[in-house]
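The structure under discussion is supplied below as structure tokens; questions concerning it will follow.
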Amino acid sequence: MSAVLQVRNLSRAFGGIRAVDGVSFEAGGDGITGLIGPNGAGKTTMFNLITGTTRASAGEVVFRGERIERLSAPAIARKGLGRTFQMTHVFPGLSVLDNLYRAALFRQLPSPWSLVRPATVRQGRRQALAQAEQALAMIGMESLASDDAGALAYGQQKILGVGMALTTQPSMLLMDEPAAGLNAVETDAMSALIERVHHSAGVSIVLVEHDMNMVMRLCSHLVVLVNGRLLASGPAATVRDNPQVIDAYLGADLENA
Amino acid sequence: MQIAIQISIIALMSAFVYALIALGFTLVFGIMRVVNFAHGEFYMLGAYAMYVLYGLLGWPYGSALIAGALLVGLAGFVLERVLFRRFTGDEMGGMIMSLALAITLQAAISLVFTVDDLSVARPVEGALQIGSVFLALDQLYVVGVTLLALAAFYVLIEKTRVGITIRAVAQDSEVARLQGVRSWRMTALTFALSCLLAGLAGALMAPVYTIHPHMGELVVVKAFIIVVLGGLGSLPGAVIAALILSFTEAIASTFYNSTVATMLSFLIVMAVLTVRPAGLMGRSR
Amino acid sequence: MRNDLTLVRRPVGVRVAELLMAAALLAWPLALGESRFALHVGVMVALYATLAMSMNLMLRIGQLSLAHGALFGIGAYVSAILTRDAGLGFVSAFVLAGLASALIALVTAPLFMRIKGVHFALLTFAFGEVVVLCFVEFVDIFGGNNGFGQIPPAQLLGHTLDRYGSYLLATTLALASYFSLQAMYRRELGVITASLHQDEALVTASGFEALRFRIAVFVLSAAMAGWAGSLFAHYQGYISPDSFGFWTAVNAVIINVLGGVGALAGVVVGGFLLIPLPELLRDLQQYQRFIYGIVLMALLCFMPKGLAGLWATWIGRLRAGKAQP
């Protein structure tokens, strides 16, 4: 698998606590990667380190051959590393299409300079609209284009969230617990969307997820974190059968799944 | 050397009075997340209360002092309920309301008492002589009462049920409420206490300097500097910062001038707010 | 309409009304006679309304700046010094004055705009005080507490502006500020500020540089305040540090609170109501501050959305009334 994302010896400490401790792994290319581990394993911190929301104490993050760990979160997003949120983040009171359009607009006109020249603004709007309509089709919400995003069902809002992330034209999407808060039907729809995004649009995907059914359905590779450290990483089948992993995490979850 | 000691006494007196004022200010911020720009006006009200009770009505000094402080505390209690209650959770709104209150209180006092300087007699005359140093007795009184007040406050906050509850609410109003503590009463009590402290400070200082409607403005600026330096919400921080500010000002005023001293204080405030918003000892929240 | 999702279209009626008001504001002295008092009030309203509009920009991005009095002052002093002491013409001085304030903002913004909420207000309060203390301390440059006098009046095309001319200039600045801000609010600026206010994490995740945007807003806001300050200096002929302190910024905030931050028109109306008060209530001067404070507290309690909120409620009721037969 050609690595789009490489994490090398990444660490982050909060006071005396090492939330992430010297973790290295690779992700991207063919197949979806799942980042799993028990609560408190450091998955959220790892997520924030990669997206640039939190600064790393040590280590590197390389995205498509470029080191990004020192860049700001918006800069990283513009490089093509998109993200979705665990809770729904949409603009209520605006239509679905408007939501997509806005997200696309922020990507097209990201700095104050781009707002100054009218030609740039006009072009930005055109491109944003095109991106929004593309994303609308990808998430299959054409029939809901004029609906109030705030009035959508929770699951649909999360799907809209994926659409908004797509408008930034990512080459890789980091997804923070896409199944959180969804029922079985919604989870199914989300899984189908993720597969579609990966296979038709060619977007690399890294999932942080607790829902083992989704993980097993979607992920060809797994990265397991426990207590801030890497426990195992590699093809899903191998990791799944790893006795340490079963001990620390999967065993308990498989009983509950 | 003699001058140094004289200056130190005044600096010390100022420090303790500022500490008293700053404590109230930081208490309100810590618990209600409100920057009370009207805080200085309660100091001013305390001074005017002293003028009326002690100066005009001739009450004994001690009674006037206590009554004045209590009156101002009561005013704070009422005003919190009427004006600030609706701004829980709205830091900006509370701040703007406090500005409006400051304007109104200053104007009201100007209407009743005019803008002229007033004064009240000192409670004691004379000075204590130690070697070649003269310590004005009334200034020593102020230091003494302030220390007593600070000590009493410390006991209240650390040892009594009420005080500990106030601190609990400061930590997390939601949690405290869930556990059956009535946080509305706490905020009212806290605000009243804060105003009482400011009023006490004002009443104490009434005989020392002159009384006028704008006296609160000058003082609240100092309080604000102290609170930011010490850490918004930190009580020990306020006391330590008060000492630091007071002595820095005394020294800077002596060698440069008061304008430069004030500028320096504000620059320090800016540095603290950008680099370490929690201040010397504050919580990072 | 789908080609331009970011453009908020205002009803034609509103835009016509705005243009008529603008024309009326410029032309009334010709029709009604040049009352000295009214023109004076008019200049003050125009200048402080411009300052209030610059404050509006800051409030829209959720940052209450108490430094704007000082930024107003920087524009005033720079313009005064450049004309009286450096011999520059009014127009150049005016332009440079706004740029000076903008420059100060540009230099401080990368540090300041990372701070939000109450801490930002306190930070700008301290900064504003430092600036004013500089006006007081550096007597050779700024004149200190005695002020800076003998400021040459504004001159355009060789003519010294008379009272009506000053009024026209000030009103033109205010109108220019109003219409350009409105145009920006109706377009991307409005979308961005509203979205940042609602969900900054989402905006940032889409690749938008929120901090740089905030810096740009602060700089623009400072420039506006500086230009207003320049006109203030040349109109008064004399300036002193008192005019540029904390309370000036507070007044600008209060005008916004009265008018409603969300509606620029409300802010201007608020300015019309509040700024002439000191002049009109001169007889009742003692009561003036008191009434001001009481009214303000009442506003905050009962009309938190300001005049704009009230207007919106009335319009809403009117529409609901029409809908029912």
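A, B and C label the chains in the order they appear, each numbered from 1.
Rule of thumb we're sticking to: a residue touches a chain if its C-beta (ideal position, glycine included) is under 8 Å from a C-beta of that chain, and two chains touch if they have at least 3 such contacts.
Everything numeric in this text was worked out from a predicted model, so none of it was measured.
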item: Most remote chain, CA-based centroid, reference being chain B; value: A
item: Central subunit by CA centre of mass proxy; value: C
item: Gap in Å, rounded to a whole number, between the CA centres of chain C and chain B; value: 33
item: Distance between the centres, which are taken as Cα means, of chain C and chain A, whole angstrom; value: 43
item: Between chain B and chain A, distance of the C-alpha-averaged centres to the nearest whole Å; value: 51
item: Contact footprint of chain A on chain C as seen in their complex; value: 2-6, 187-189, 191-192, 195, 198-199, 201-213, 215-216
item: Chain C-facing residues of chain A, complex; value: 51, 72-75, 77-78, 82-83, 85, 89-91, 97-98, 101-107, 109-112, 115, 121, 125-126, 129, 164-165, 167-168
item: Residues of chain B defined as touching chain C within the complex; value: 33, 35, 83, 86, 91-93, 95-97, 99-108, 110-111, 221, 224, 228, 259-260, 262-263, 266-267, 269-270, 273-274, 277
item: Partner chain B, residues of chain C touching it in the complex; value: 64, 111-112, 114-115, 117-119, 121-123, 125-127, 129-130, 133-134, 136-137, 250, 253-254, 257, 286-290, 292-294, 296-297, 300-301, 304
